[in-house]
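Below are structures written as structure tokens.
You will see chain A twice below: alongside chain B first, and alongside chain C after that.
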Partner chain A sequence: MIQTLYLAWQYLSFHRLKTAILVTSITLITYLPTGLRVLVQQSSDQLTARAESTPLIVGAKGSPLELVLNTLYFRSEYPEPMKFSEVKRIRETGLASAIPMYIRFHSRGTPIVGTSFDYFGFRSLKVAKGRPLATLGECVLGSRVAASLGLEPGDHLISSPESVFDLAGVYPLKMRVVGTLTFSNTADDDAIFVDLKTAWVIEGLGHGHQDMAKPEAAGGVLKVEGNKVVANASVVQYSEITEDNIDSFHFHGDLSEYPITAVVAVPPAAKSSALLQGRFESADLMIQIVRPTGVMNDLLDTILTVQQFVVAGAIIVGAATLSSVILVFMLSLRLRRREIETMFKIGGSRLTVGLLMASEIIGVLVIGVVLAGGLTLITRAFGAVVIRAVLRM
Partner chain B sequence: MITRLFRSGLLALVIAVFGASCGEDGTSDQSIGGQPLTDAKLSVYVVNYPLAYFTERIGGSLVDVQFPAPGDQDPAFWSPDASAITRFQEADIILLNGASYAKWVDRVTLPASKLVDTSASFKDQYIIMPDAVVHTHGPGGEHAHGDMAFTTWLDFKLATRQAEAVFEALQKARPDETERFQAGLDSLRTDLESLDQALIAFGKETTDTPLLGSHPVYQYLARAYDLNLESVHFEPDEAPSAHQLSELQDILEEHPAAWMLWEGDPAEETVAILEELGISSMVFDPCANVPESGDFLSVMRENVESLGGIVALANQE
Partner chain C sequence: MVQITDMRFSYGESGFRLEIPSLEIEVAEKVSMIGPSGSGKTTLLNLIAGISVPEKGQIRIGDDEITVLSDQDRRNFRISNIGLVFQEFELLEYLSVFDNIVLPYRINPTLSLTSSVRERAEHLADQVGIRDKLARYPDRLSQGERQRVAVCRAVLTEPTLVLADEPTGNLDPANKMRVLDILLDYIDSKGATLVTVTHDHEILERFDRVIDFMDFHSVPDVNSQGDDRE
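And then the complex of A and B:
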């Protein structure tokens, strides 16, 4: 038997090119559907896990998918804003705790997530280096952001203008990095976290400037009427919040009117969840409340449909390739007729010759399947990294 | 629509794949927020001493009240450093006075789920200071760095409502201890009501008596008890400047007060200057910070007794 396997191996080694083509064909036929399935399964698990850990999302009327993707993954389009007063409205129902989210701005291509301190507890996020957010103007970095930007506590990060053509817009805010988060294997690793009020400062709704009553601000004062001071745009506004100027930072108007993109509502029980959904679905046409799991399941159905098309295509291509492989083997046997006759003439039995041929075919199949299995394992471990690298190119 | 859905699907696929790229990091690190309540004492952080006192009276041995402002600073204008903010973040309950008291609260990151605004139930009764500077610049329009009177607890009816807010917060955190909290609240309410009654009586007897406040901290006291009180900006440990005295004399022309209320003992020099103007000094301590001796109730009783002296003198005259 060993001699038969030895001869088969020598044959495959000698015809390297033919063997390589056959092995590649078998590998691809096997790998394409299984690798795709692994990727989709990973995606599905991730989407479901993040959505399942987020009971309800409240946002302005619009695309539920955009709202969920923006709130959970900090991607997608910037959804229609709603008023901060909705947070209070949810809290006052007593049916859920409410975590405001304002995901609109970026810094160096990374989303800036404005939220409240409760978000970190809700997501069980931990500080790896430095400390949590404490005051206005500070930021905490997700682990991948910290690694990719090479930033550590004590460094600074500047918010990006929303549009390069917005010359009259607000000044970018120089934020102080006070901490980095541990790796959580979620979208939180790819975000910059700031206090909600810092996000409002980035938007220009809050700012710090010279004390208008002090002599050094006199150059910017246009007129004083009683207790009313009118100043021009030359008043020095601070682009960084420091210990020295933080007391000058303030917000104009009623904070309850300020914008947020969503509220993560966390009801303590299913009953509270149902009651809260009922109140929002019936009471206000401008606000929607969605269950992320429902939205994600709809999305997964779409992804699975796409996957089924791809798998069906792969199976058809695979079948065609398999037919070609079979044809190659049959032609190979025909071409080797004289070689087979020689084996019979030198005393080889029919069984031995059959085993030799079978060993060659099985060898090619086994090598192809093993390679496909290896590729699938690699896909399971590193597929996401490879796709990310390709997309970033 | 189909294209949009397909794009969103692909985006979600990519996003999810991004999230799945690596293994777990087992670092054990500092947790942020959200620690569950245990059977240990409730950790309650407060922004001023009256709230600390109310909480101790209501919560008793079930609470660990922390008031981190230094004793020599006015808690309304004190700002905590990062480590103090971290301790606030780790508390079970954070009691705020509301009415713009402790403006640092607006500039720090605190867990909203733990914040309790003890004056939220009477926001419509806040007193807005009439002389706040309004200014206009840039696209933000007209705005004021407004000034709102914040010593709400000097109206003892409002103080009672703040105490009730403290009770509700404690009860919500420890529903099993409602009876003990209720007993504490009832006892405190009785004390606050007696102070309230005493001041109502004082107000009735001195409705027309002009009074001065050395600092604009007595607005709620004056409104609640119908006191005819005007305020200046004198500091207890500094003699008034010529400009301040000039302003005082302007006020005295319309408001011939014979008494000035002080937050703390004024400097002897100041007392002498005021005596020359026919103004006697007396201390009415708002007790925003921990008193050197006694507690909130004893300080307030002393305040009421001091005011009684005004009535006695007025009756003699």
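And then the complex of A and C:
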């Protein structure tokens, strides 16, 4: 048998181009459906894992998928904002704790997540270097962001304007990095976390400027009407919150009217969850409450349907390729007829010669299937990383 | 060495028919068979080798009657006792010269490829002047070199009978004589028997006996025909 395998190997290696084409064909035929299945399964696991750890999301009426993707993965367009007062409303029900989320802004292509301190406890996020958020204008970085941007506590990061031409809207805010988070293997690794109020400062809802009552600001005073000081355009508005100017930062209007994109509601029990859903679904047409698992399962159903189409396509292509491979084998046997005759004439055993011919086919099949198996294992090992990189989950 | 008695063979509907009432080739004899194409020379070699089986009659190689052996037994007998040389060399393009020479040891478990066989293969290659080409593939050899490889393959098992079908048919004069020398040297040194089919009358004088197949068809006793020529 060793001699037969040796001859088969010599044949395959001599015709290496033909062998490579056949092996590639077999590998792809085998790998496409299995690799795709693994990828879809891992995508499914990735998508549902974070969704399952997030009981309920409250947001403005609109696309539930957009709301969930934005809140869980900090992806997609930011959903329609709702009022911060919804946080208070949820808390007052006593049915769930409420974590506000305001995910709208970016810095160097990375989402800035405005939230409360509760979020870090909810996601079990620990500070690896530095310290947690403490004051306005600070940020902590997800581990991958810190690594990719090369930032450490003490460095600074400037928020990006939403549009180059958005001169009157979002102000670039220079934020001080005070900490980096441990690797969590989730979307949190790819986000910049700030306090909710810092996010509002970025939006321009809160700001700091020179104290116009002080003598050094006199050049900026346009007029004084009783207690009211009207400043001219020369007044200095701060783009960085420091220990020196933090006291000048203030918000105008009612904070409960300020925008957030979602509230993560964490009920202590299934009953509370059901009650909370009932209240929101029946009471408010402007607000929606969604179970992320339900939304993600709907998305997965769509993905699975697409997968079925892809697999069906792969099977058709595979069948066509397999036919070609069989044709090549048959032609190969015809081309080798003289070689077979020679071996018969010399005295080659019928079994050995038969095995030799079969071993070409078996060899190609085995190498192809082994390679496909290897690729599937690689996909299984690294697919999740690739999926996370693609989806930034 | 070869004894054929009352043998008949035909190719089905083609009408070809070969009948040999009696033919005997002695041990260590060098016999050449000549005759026009289609007269049955190669068919007779195939019958002697056990590749084809006669409709009737007996073919004995030494003490073994090959006509009664099974297909597998004939193959085993052939690979151990008979060396075959073909006009077209019939080397396997995907095997190196060395692997082509030792091919019989890889295609039938009756033979075992030992280190002594490998040494013998190298020694044979050395004798025929292709020692430095053992790693090459056949497409990198000249015609003469290919036939020398084919001869090495045929005699590696040290057969007692060598059947050569126009072994010099595709060779230039210089290579023709060299290949013939190699074959005849082996036959002489081992006391083996050589049966060759050829169209080349220039080489007939190197053989002990020549059988003319045209006469063979009309003269039942080919032994007497061979003797006459001698």
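Criterion: the second predicted complex is superposed on the first by the 379 of 393 C-alpha atoms of A that agree within 3 Å, B and C clash if a C-alpha of one lies under 4 Å from a C-alpha of the other, contacts with A are read in each partner's own complex, and residues count from 1 in each chain.
Here is the rule we go by: a residue touches a chain if its C-beta (ideal position, glycine included) is under 8 Å from a C-beta of that chain, and two chains touch if they have at least 3 such contacts.
Please read these numbers as outputs of a predicted model, since none were measured by experiment.
Colleague: Mind checking chain B and chain C on superposed chain A, clash or fit?
Modeller: fit
Colleague: With both complexes overlaid on chain A, does A:Tyr31 touch chain B (first), chain C (second), both or neither?
Modeller: neither
Colleague: Classify the contacts of A:Thr186 with the two partner chains as first (chain B alone), second (chain C alone), both, or neither.
Modeller: In the superposition, A:Thr186 touches chain B alone.
Colleague: With the two structures laid over each other on chain A, which partner does A:Trp200 touch: chain B (first), chain C (second), both, or neither?
Modeller: Neither partner.
Colleague: So, A:Val127: does it touch chain B (first), chain C (second), both, or neither?
Modeller: The answer is first: A:Val127 touches chain B but not chain C.
Colleague: For A:Phe84, using the defined touch cut-off, is the partner it touches chain B, chain C, both, or neither? Pick first, second, both or neither.
Modeller: Neither partner.
Colleague: Kindly classify A:Leu39 by the partners it touches after superposition: chain B alone (first), chain C alone (second), both, or neither?
Modeller: first
Colleague: One more residue to check, A:His15. First (chain B), second (chain C), both or neither?
Modeller: second
Colleague: Of the two partners chain B and chain C, which one touches more residues belonging to chain A?
Modeller: It is B that touches the greater number of chain A residues.
Colleague: Considering only touches as defined above, state whether A:Phe280 meets chain B (first), chain C (second), both or neither.
Modeller: neither
Colleague: Quick test of understanding: once the structures are aligned on A, what is the angle at the Cα centre of chain A formed with chain B and chain C, as a multiple of 10 degrees?
Modeller: In the superposed model, the angle at chain A is 160 degrees.
Colleague: Between chain B and chain C, once the two complexes are placed on the common chain, what is the minimum CA to CA distance in Å?
Modeller: Across the overlay, chain B reaches chain C at a minimum of 45 Å between C-alpha atoms.
Colleague: Does any part of chain A touch chain B in one structure and chain C in the other, and if so which residues?
Modeller: Shared contact residues on chain A: none.
Colleague: Give every residue of chain A touching chain C within the complex, in rising order.
Modeller: Residues 3-4, 6-7, 10-11, 14-15, 338-339, 342-350, 352-353, 356 of chain A touch chain C in their complex.
Colleague: Flag every residue of chain C that touches chain A in the complex, lowest number first.
Modeller: Touching chain A: residues 46, 49, 51, 71-72, 75-80, 82, 84, 86, 90, 92-95, 99, 103-110, 113, 137, 153 of chain C.
Colleague: In the complex formed with chain B, which residues of chain A make contact?
Modeller: Its residues touching chain B are 39-40, 42-47, 50, 65-66, 69, 73, 75-76, 87, 91, 97-100, 116-118, 120-122, 124-128, 131-136, 138, 143, 178, 182-183, 185-187, 189-190, 195, 197, 204-205, 207, 209, 212-213, 220, 227-233, 235, 237, 246-247, 249-253, 296, 299, 302-303, 306, 382-385, 387-388, 391.
Colleague: Spell out the residues on chain B that touch chain A in their complex, using ranges where they run on.
Modeller: 5-6, 8-9, 11-25, 27, 29-35, 79, 82, 85-86, 89, 103, 106-113, 131-143, 145
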